[in-house]
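Common to both upcoming complexes is subunit A, partnered first by subunit B, then by subunit C.
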Partner chain A sequence: MKLNEFIIPEDLKSAQSALEKLGEKGFAVAGGTSLHFLGIVEKTAVDISHLGLSGIQKQGGAYLIGATTSLGDLMKFKDQGWVLDQVALHTSTQQIRNISTLGGNIVRVFPWNDFPVALLALDATLYIEGVAEKAYSSDDYFNGQPIRLFQPGQLLTRVEVPVLKPGQGFGYHKEVRLHAGFSLMTAAAVITVKSGRIDGIRVAASAGIALPARLTLVEAALGGQAADAASLQQAVANGTAALAWKGKEGMSDEYAAHLGRVVLMDVLSAALLQAQGE
Partner chain B sequence: MNVKDLKVVNKSVVKIDSMSLALGKPSYVADFKPADTLYVKMLWSPHAHARIVSIDISAAEKMPGVKAVLYHGNVPRVAHCTAGQGYPEPSPYDTFMFDTKVRYVGDRVAAVAAETLEQAEAALKAIKVEYEVLKPVLSIDEAFAEGAPIIHDEPDATIPIPVPYEPLKNLVAHISMEVGSLDKGLAEADFQFDRTYETQYAQHTPIEAYVAQAYLDPRGRIVIVTSTQVPFHCRRIVAQCLQIPVQQIRVIKPRIGGGFGSKQEVLLEDVVAMLTLRTKRPVFWEFTREENFRTGRTRHPIRIRLRMGVKKDGRITAFGMEATSNTGAYGGHGLTVIGCCGSKVLPLYRADNIAFLGKVAYTNMPVSGAYRGFGATQAFFAAESLMDEMAEAIGMDPVEFRKLNHIRSGEGSPVFEALGEGKKGVPMTIGSCALADCIAIGAKEIDWSRRTPWRSKTGRYRRGLGMCCLMQGSSVPEVDMGAASIKMNEDGSFNLLIGATDLGTGSDTVLGQIAAEAIGTTIDKMIVYSSDTDFTPFDVGAYASSTTYLSGEAARKAGAKVKLQILNTAAEMLHLPVSELDTAEGWAFSQDGQHKLSFSEISLYSLYQKNQYQIMDTASHITHKSPPPFSAHYVEIEVDTWTGAVQVLNYVAAVDCGTAINPKLAEGQTEGGVLNGISYALTEEYLFNAKGKMINANLTDYHIFSMRDKPPIKAILVPSYEETGPYGAKSVSEICINGAMPAIANAIHNATGARLYTTPFTPEKVWRAIQAL
Partner chain C sequence: MKNTRHLSFSVNGEAKEFLVAPDEKLLDLLRREGLTGTKHGCGTGSCGSCTVIMDGKTVYSCILYAFQAEGRAIETIEGVGDFDNPHPLQTALVEEGAVQCGFCIPGIVLSAKALLAEIPQPTDAELKVYMDGNLCRCTGYEKIEVALHKVIAAGSCGGAK
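Entry: the complex of A and B
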């Protein structure tokens, strides 16, 4: 990415107006840590890092997270039903977390991105604001490159994540070679347990598959089943058989598939334990 | 000598350049870039093996900002070796500044110098090259196969020393030795082993990439400022390439941001010098990280077959090693690295029947070269893995097995005489050796007594303990030479000029300490300067674990000579015999305590007052032995048997480097080397496509351990006193990198029962080895 101009708008409306005028030649930047991956193109940057889009608020049964909230702030925030700190903790280094933003991690999605998987599992809602605000479920939002949903001048402004309730558990795992490395396999799961059975399940994976996606076959295999390790094992075995796992960094596809199943078992087990109050 | 009596040596004084580096003061090559410099970009070969049928630079020459374009048609064709070793080099002259053939992806095709980097890059695109693509040779097996493509078919590729060199067979070097009879030794054994190990490519990844600049001084001499480990070799090789006298060239080495052996090569300096001559302008060239990986030097991948025999009582009856390395497209360091597989490893354990066979293959792969450890790293992985296998076979604890067999003080090895570097070796008896102490101290520190057999372990996560023993060398005997000059100033300070090159290792500090100790002054009075071929005395450079031992002794000798001059002057001033005087902490004094003079008074007297002369002297040093440092490494790991991931939990390196001149720096060397070794063992590897192009030439996809990944590492310095070294010192820099790979391999076996023969130990390899049990 080569920046030929850097615009610092006074407010959100000015930013949207500038981006609308620039069209293909402009792009919004907050943390700026993913510019390296965007190829050699000339763009005008519109700085949206100081437009009041940062912060985390708890409202009712959800957390409202500003799109330019830094990953460092996500990591520092603590609350009973808050789990994104676990995701942020495993993202890159503290220096990067201090400037990289949630929006930057999910507006353009690479296979190794950390948050899409977690937001899919958590059933988050994402808000894009243009003339009016439009809400997208995480399923719709991540069903392809999110950038397809944005018209010139539109910005991701906030993300709504449900508060984890008693009886629910969250599991997240990112497999890396080194601490600050990109993910080789990421998975996340939210399990709801009721009367000893799995009452709700959302599980997603990435890195080992092309783009972040829910694993609906695993979910279908688990729904209503006994909340135990055997159910998880069977669901993972049956629900991932048709997945096209892709090895990278020297890993064979066969090993990637094996690793994917291990990681899924780990996140499901963690979610189940938490849901069972352990 | 009692080390406790030393005033400056064996003290952890602060590294003398640490503050300026910490403050970001201009220190490195790129910090001294002239304002009117031209920038160099190189057109690299996209093919692993091809002839250049035609090349048209005319359009590039007319591009905006372009001042010169070099290619094979407009530079001298001089066969040379890029490796900065002795002279004549024990490596083939198989490289040309530019050639009509390219031999690996990343080989030189043409260079552009332009006003800006962007203009130079644009000009590269205007160079039209027609290639005849040839079948590439991508492995050792392909290189030696019947009818293999010949990589160096040019008639002017030669080797300057009388050793086997058969480029038409893709054979760079071939060496062998046998003492006793390997077959007989194997026949006598109760247990025989025949194992083959394979190690991988790796890159040094110094923070500072390869970088050099050149400019003309007012008298028209070429000044090259470069990040090099070998300034004097650099001067000689550039003179050879440009066909100009050495006198016309000055090489300055500022601070270096790491080398680890990679900068023991002349990869940029000939081009910047030639472009400066052509343009009369300063020229600057810095490799990108991708260029560093693809075109820079690497660690030799080596296939090592070991045949060993052992008696039930633990005596080793046969130790046979066949090592075949892949030197890539050019053969610098090929012979010497393969030789060190044998010479640095075989002597560690006593055996009556020893055999070594070393072969080096040309391939169309990245070029291997010097890398900390220099063949011993690869061979110790093999040897120390098999030592554990043998111990298990005879039912002996691996520590006890090694204690039974390792070489000791007063013992020799026929290998020392049989295997030298490019020639026969030098007979040697081990002087100092604290390996037994290293083994005991390390075992206690890691608590080796808790080690249990792998068969007793269950569950997903299994822990294992592993260890290994190591030796290296200290300089190349009767080959390497270092020198030092010391000059006294009016205030009692001293200029220490050394050709030895501090790569960030702290050798300037260490040599300053040695000289200060010898003179009888304090480290803050030493102004240490390295290196400038116009001003500092000759030194072969920083390699072969030589600086402290070799250049350090030169500094000690020079210091002793200067001390004598100081005492003579003091004697004249005090009207006392020299024999009644001594020096300490910047003072000359009579031993009865009645008289004393400051060094400043002495210097002022010698320069201004009577019988004036400059107190200064120079000393050179060569070595007649290469005393090995010894070390025992221990590691505790945890294996996730479901994924194969290995986590290092704890690492202990007990090292005998003789007297540690600066204990903190020696510990730092050890910790850094261990971390580098862990990284090599677990994560670092070159990945290639089917055409021999590296596909992970960046620090995102090529994984090196950072401080964030560092496990607890305890470096323990175990003192010994090497009589031939300065104040008892031996080397410390290389030995520490050799232990992680075998120690971790042995720990993986102890944790899981899986034995790994190929590196690195990626999760997939470990998982598959566990599955195969």
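Entry: the complex of A and C
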């Protein structure tokens, strides 16, 4: 990693105009923890950590999270319909959680990153601000490496996550070899149950597949089914058959497929139990 | 050094100015300033021996760029205690035989200090979460935990900043 220069701007507008002027020669630094993975050469760092883009607010049916909110703050925040604390708790170590930001975790996605999967399952909305602000659904935002959506000078400013309501449940699991190890398989799910049937379902996975993605075949197989373990089992078996699972750290692809199904059953079962109020 | 700039931040309560190169890490800056209690271990943000406290929170100084400390308050092991005036955490770690090679200990002390400043009476689960970024290859962690529990039970550094 070689940084040419650094800029510590006073406010959001100065940061954006510095980044716009620098173009390809500049990049935003939030927590800066990804820089040694990225191997950025001869660029100017623009520190965006002091620009007032941090904090969590509950507004109506959603949480508004500033892009530079640390993962540690996501872990400490507690509220009835808030589930990102469960995700942050399993992200790396306390020192990384203290400095890594939500924005940094989801602008340039590494296979092990925890938040893209959770935000896909939660149907989050992501806001990119340049001259004007543009909102993206999590489906559009994560439909490829998100950095593709950013022009020089544009920053992710906030993320809106719906408050989980009664009748909804969230499940999240990442499989690691060591406590702070990189994920071998990550999955998250949100299930809505109404009158004993699955009324809504979003499920996403990463690490075992190329980029974080929703598993739409599993969702299709579950929608409208009885809210029980048998439906989950059948949907996971049928809905994952065509997926191209990728093994890593010595796992064969076949083992990855098995692990993927086990992890999916875990998150769906947890989401279902919570949705049923258990 | 190319593109060096002056930065100011406080170290152990003292406001300071530093001449910093763009890609200098905080760890290297601290060590060249003589604060060698902050150790260079893995260099990849994994082992915790380079831990310092920035604005009350632990960070890995081996992956933090020095410029990221601008305007902030940094605390290193040198600001915590020494042989003549050890911090209660340092005393407990020694008394419980939790220090063997000692390389990880500055980081362990700082992580525990940051935890107890925030949560004076942590649960076992909280203790594990806040200490999860510090590896020790000698002790197997048990004696470290015993020492931390001793300090927590005594309430001897609860709320200390």
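Everything that follows uses one rule, which is that the second predicted complex is superposed on the first by the 277 of 278 C-alpha atoms of A that agree within 3 Å, B and C clash if a C-alpha of one lies under 4 Å from a C-alpha of the other, contacts with A are read in each partner's own complex, and residues count from 1 in each chain.
What we mean here is this: a contact is a pair of C-beta atoms (placed from the backbone, for glycine too) under 8 Å apart; a residue touches a chain by one contact, two chains touch by 3 or more.
Only a predicted model underlies this, so the values are computations on that prediction, with no experimental measurement involved.
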Output check: A:His179 vs subunit B and subunit C. Expected answer is one of first, second, both, neither. What do you get? both
Touching A:Thr33 in the superposition: subunit B (first), subunit C (second), both, neither? second
Taking the superposition on A as described, I'd like to know which of subunit B and subunit C A:His258 touches: first, second, both or neither. first
Scan A:Gln234 for contacts with subunit B and subunit C and give back first, second, both or neither. neither
Quick check on the superposed pair: does A:Gln57 touch subunit B, subunit C, both, or neither? Answer first, second, both or neither. neither
Given the touch rule stated above, what does A:Gln145 touch, subunit B (first), subunit C (second), both, or neither? neither
State whether subunit B or subunit C is in contact with more residues of subunit A in the superposed arrangement. C
Tell me the contact category for A:Ile96 with respect to subunit B and subunit C: first, second, both or neither. second
If you lay the two complexes on top of each other, which residues of subunit A touch subunit B in one and subunit C in the other? 93, 179-180
Touching residues (chain side subunit A, partner subunit B) in the complex: 93, 175, 177-182, 249-252, 255, 258-259, 262
What does subunit C use to touch subunit A in their complex? 2-3, 5, 22-23, 44-46, 48, 51, 54, 57-60, 63-65, 67-68, 70-71, 111, 129-133
Subunit C-facing residues of subunit A, complex: 1-6, 8, 29, 32-33, 35-36, 44-45, 47, 49-50, 70, 72, 75, 89, 92-96, 98-99, 179-180
Under the touch definition given earlier, write down the residues of subunit B that touch subunit A in their complex. 642-643, 645, 683, 685, 687, 696, 700-701, 703-706, 708-709, 762-764, 767-768
